[in-house]
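Shared between the two complexes below is subunit A, which pairs with subunit B and subunit C, respectively.
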Partner chain A sequence: MPVLNDKQKLMRKLQQSCFALAEANLYLDSHPTCKMGLEYFRRHKAEKEAIEKEYTEKYGPLTAVQSDGTKKWEWVAAPFPWERGEN
Partner chain B sequence: MWQYEKKLQYPVNIKEPNPALAKVIISQLGGPDGELSASLRYLNQRYAAPCREVQAMLTDVGTEELAHMEMISAILYQLTRGLSMKEIKEGGFDTYFVDHTTGIYPVAASGVPFSADYFQSKGDPIADLNEDLAAEQKARVTYDNILRLTDDPDVRDPIKFLREREIVHYQRFGESLRLVTDMLDSKNFYAFNPSFDKK
Partner chain C sequence: MDKFEKDILGKIFDDDADDVKACPVPGTALPKGMALAMAYVPFQMWETPYEDDVAFSRGTVFPCLDKPFIGEEAVKNARTE
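On to the complex of A and B.
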């Protein structure tokens, strides 16, 4: 396994959390009243929001509108994710 | 509307460039069963879905396919970094290079450019969802074939993730088809088109 830096480790946590949410999303599209599915969704939504907050505070915006827009346009400060080591 | 997130759905970090492999994997960007045709198929078909569950499914799977298109493009991008002219010629990449250098352009492995002929939008949800089930299986087979063609673990890992998603989408579209048929005449599902005929 490759050695990950702190930014990548946090990105892995975010990717895992977003993946759980994406799975719950598609499942709930066809099972919109499933209690277990809804509970799973709520749990991972709270987790994802906390990880995303930590990530954007440390490493910058994940969407253009998450930029603060103060001294410099933060959206262009961090690399795009198709670069090796940047995802 | 849509909003871009600066992250890949699943990581892509490839150490060894390999233009010959890029020339094969590009089929999952611009080929007949690739991620571009998948996203356009579902995002165009969704307007003819007869209930909100299936409208949501086509919207959300179609959106995920855009993220898969980005993963395939990241694989192609990383497989074609820092190539010498010798590597380009020996990898058989010269026929792509002459038109696109190392830019990303949607073609099939055979070199045929992407075409809307690769999908349908029939305005009938039973016809559309049956196409979608077949499309997910065809994409799964293409990923199986890619896995037969490479030993590089850095490439195999994201390709295996994408292969798994085809199986999950197939399951979800099966549920969608069931939801649609449950709304119809159980003695003849094809008695009318629920998205066109007045009942």
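On to the complex of A and C.
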């Protein structure tokens, strides 16, 4: 496992949260009233939103629509999230 | 040879089976009244998921769905509940 810098570590945590959410989504589609599943989803959704907030505050928008710069279009001001070596 | 092979396949090809019944194969574990020649998928129940980092590398959060295809040896040590 390569050593990840802080930005890459945060991105990895975000990816892990998003993956867990996708899995919970699939499970809940066929188990819509499963309390444990719903709780799992709620917890990971909160986690994901916190991590995403931290990431975008530190490293800029993850999607173009998240740009809210008033003087500059932030989306192109920093490397794109998917660029090699950046995340 | 796992249970399936011994109890069912084994019986099917056992030509000197002494049962009087036309076919030596025992009734399978499926509930009565299930139509023949249909495929069934057991319903997944909730279980404690993997930790997020483990799930991310395994490709699933559910241990029961963690079925890596690793060739011939997968048959012997496949994790089936």
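Everything that follows uses one rule, which is that the second predicted complex is superposed on the first by the 85 of 87 C-alpha atoms of A that agree within 3 Å, B and C clash if a C-alpha of one lies under 4 Å from a C-alpha of the other, contacts with A are read in each partner's own complex, and residues count from 1 in each chain.
Note that in this section contacts are C-beta pairs under 8 Å (C-beta built on N, C-alpha and C of every residue); 3 or more make two chains touch, one makes a residue touch a chain.
If you're wondering where the values come from, they're calculated on a predicted model, not measured in any experiment.
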* Could you look at A:Q15 and tell me whether it touches subunit B, subunit C, both or neither (first, second, both, neither)? => both
* To do: Please determine whether it is subunit B or subunit C that touches the greater number of subunit A residues.
  => B
* Which holds for A:M36: it touches subunit B only (first), subunit C only (second), both, or neither? -> second
* So, does A:E23 touch the first partner subunit B, the second partner subunit C, both, or neither? -> both
* To do: Determine, under the contact definition given at the top, whether A:V3 touches first (subunit B), second (subunit C), both, or neither.
  => neither
* **subunit B/subunit C common contact set on subunit A** => 12, 15, 19, 23, 27, 30-31
* Asked: Inside the complex, what are the residues of subunit B that reach subunit A?
  -> 3-15, 53, 56-57, 60-61, 64, 70, 73-74, 77-78, 81, 168-169, 172, 175-176, 179
* Interfacial residue positions of subunit C with respect to subunit A in the complex -> 44, 46, 49, 52-53, 55-56, 60-62
* To do: Spell out the residues on subunit A that touch subunit C in their complex, using ranges where they run on.
  => 12-13, 15-17, 19-20, 23-24, 27, 30-31, 34, 36-37, 40, 44
* To do: Using the touch rule from the top, collect the residues of subunit A that touch subunit B in their complex.
  => 2, 8, 11-12, 14-15, 18-19, 22-23, 25-27, 29-32, 61-65, 78, 80-82, 84-85, 87
